[in-house]
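Pasting in a structure now, in structure tokens, and then I'll have a few things to ask.
A, B, C, D, E and F are the chain letters, set down in written order, and residue numbers restart from 1 in every chain.
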């Protein structure tokens, strides 16, 4: 059986603030700089979802792209797009919405929607110059 | 004299909310949809500043790129980057920070720093799919 | 009144063949080369629709992007996406689907859906290296 | 010895139709949707060929790029460019030209042209949003 | 007759140094900074050649892309690619190879190869962030 | 502990010539072709630095991007940007500045600045079509 990786790209726009709630403003400022702006700033995030498994010998598909596209829409776009990550996304109630944490949360949300036989890796672009990859611990 | 246009690209990340203060939440929702989110959302804005004029026959420069780069840094990046446009940028106190209004404000800020002999056009990318151009009415 | 240009990008995938029906296969081959393949070839087309007009002083919009997006969807994406341009798009029944003719047809379809006060320019990318612009002769 | 991976990007434009010959039109339509269009549609495919091995300590090359470029031209571009994959490429006579199958066929064609000491991975972009990677079973 | 603009993109890699021969090293350093490095530095230049004219009603072509591609190859790629612009390109013997001067020289070389009825504009990217446009004074 | 990879992109412009000092001009010409130009040519290099390790559970950072950005600036940009790699960068005094060797040198310079617990991979783009990856054999 041929094992391939299928990648699907999507995007969402969101606001966030990086800070540790237990720290003083000064300490947050020294660690997070202008990302600690209490009025928030934002990004056009891009996400690449990469699924690895065996090709179905009849259809030639690893996974129906429409199904993968719908999972990304429901788990990522509907949940994060045009949202304030700190204030409106429950997963970031108690964790800082850094690119690292967003990619882990995204991976976990998509993982539970996929067949166990499939491997998953997610890459999140915060800007074209800063991006993060997670494949499950 | 050869007349050329020199373009310089820069970028900034910001949060904003689109709404008309005088309108009800419902009316804003029907016009601005999810851009009316009161908790804000954000973008990686890209800006292209295009300056037209004659080439200096000795240096071969229209304008020293370091000077243009500094003007863009002072007028656009320092003013907008990692800011909430509605709450922290005085120019948007009373006007809605749509891409159309951001490009006009950007053009006016850069215009007053340039020699009168130079023409100016500014393009602002809100996302790779939505962008706006202004060249002064 | 401030006059700006708002640009919106979309894309569609299609097959086509370039040839003049009245010509012999040999003459078509000498003019259109491998684009004359009778079994067709195809492209990921990208289209940028650029609308110029005055900003509404209250909303800060030139045109509601959702409306422009819907026009592009109905006139371009629904009509051309995943189609064979020669065989399945009536506008190309009797004209050769070159990039030049596709951009003119696209312009005409969008033009008749827009307010007369707005100016229109359309750019069509056949590949990232070949593209065409039309603004209505 | 230093082991590096050298990547080379190329592109080709082709038409295809996705369907299983043994299935009814209705079944194909339900699985492949508009990709089942019997008149074909097409793409600007991009391919990234990644070769891993040791750097030659004298030349500083892993592989002469001109040689790799020629292999890609002969095996991929000459074979697929401006072709109808279903009708004109023998490898897809009996298998469905999905991105998954195209990347496997491309890998196999390039693999047999490379020194056995080199590892090979191929990524095929069907669109900027859909792409597939294969590294040999 | 429909008037369209056809754009073709190409690229070349070259070395250059920016300086005025009549000036002292110090004066050149103060004006051109690290671009004045006497050992040269270099760029991946991208060039977009834009030709405007009427569509041939029979072929649907403004200009045969193969012809335009060949003109760009002969006038730009063969002349500039993998060259030191200051030392090996006669046009820059006595003028500084700034992006402004390269775009003017490119325009002049292509202009004399085109039918007089066609208009010409050339854009030269020195980097993705710095680019210059010329359409003939 | 969640293990992620953080990527940071930077760029520099440089000149180089590819040749083996011990070889005749003719032999170098036959191996390196126009890259052997004794007057040099150049590129806009892009570099992606990828660091793998565990997320700090309090900050949500793998590594402070400002620190990584400064390391890249000091080790790569300050050392290579606007330089002639053969003549002005000591690491290439005796090794040929091929993309393969540049990526290995870059990896070694960054490696010694990072905490031992972090893994490192570097990708160097010589052009958008030719790039090389190294993760320390």
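Here is the rule we use: a residue touches a chain if its C-beta (ideal position, glycine included) is under 8 Å from a C-beta of that chain, and two chains touch if they have at least 3 such contacts.
Remember, predicted model here, so these are calculated numbers, not experimental data.
Novice: If each hop has to land on a touching chain, what is the smallest number of hops from chain D to chain E?
Specialist: Between chain D and chain E, the shortest chain-hopping route counts 2.
Novice: Do chain E and chain F face each other with the same patch, meaning over half of the contact numbers show up on both, or with different patches?
Specialist: same
Novice: Suppose chain centres are the mean of their C-alpha atoms. Which chain sits farthest from chain F?
Specialist: So the farthest one, by centre of C-alpha atoms, is C.
Novice: Quick one: report the Å distance separating chain B from chain E, using the average Cα coordinate of each chain.
Specialist: For chain B versus chain E, the centre distance works out to 28 Å.
Novice: At least two other chains touched by the same residue of chain C: list those residues.
Specialist: 128
Novice: What's the complete list of touching chain pairs for this entry?
Specialist: A-B, A-D, A-F, B-C, B-E, C-D, C-E, D-F, E-F
Novice: Please name which positions on chain D make contact with chain A in the complex.
Specialist: Against chain A, the touching part of chain D is residues 18, 20, 31, 33, 95-101, 103-104, 128-134, 137.
Novice: Report the residues of chain D in contact with chain F in the complex, numbered from low to high.
Specialist: 1-10, 50, 55, 58-62, 64-66
Novice: Show me the residue ranges of chain D that touch chain C in the complex, using the header's touch definition.
Specialist: 11, 13-16, 34-35, 37, 39-44, 81-84, 87-88, 127-128
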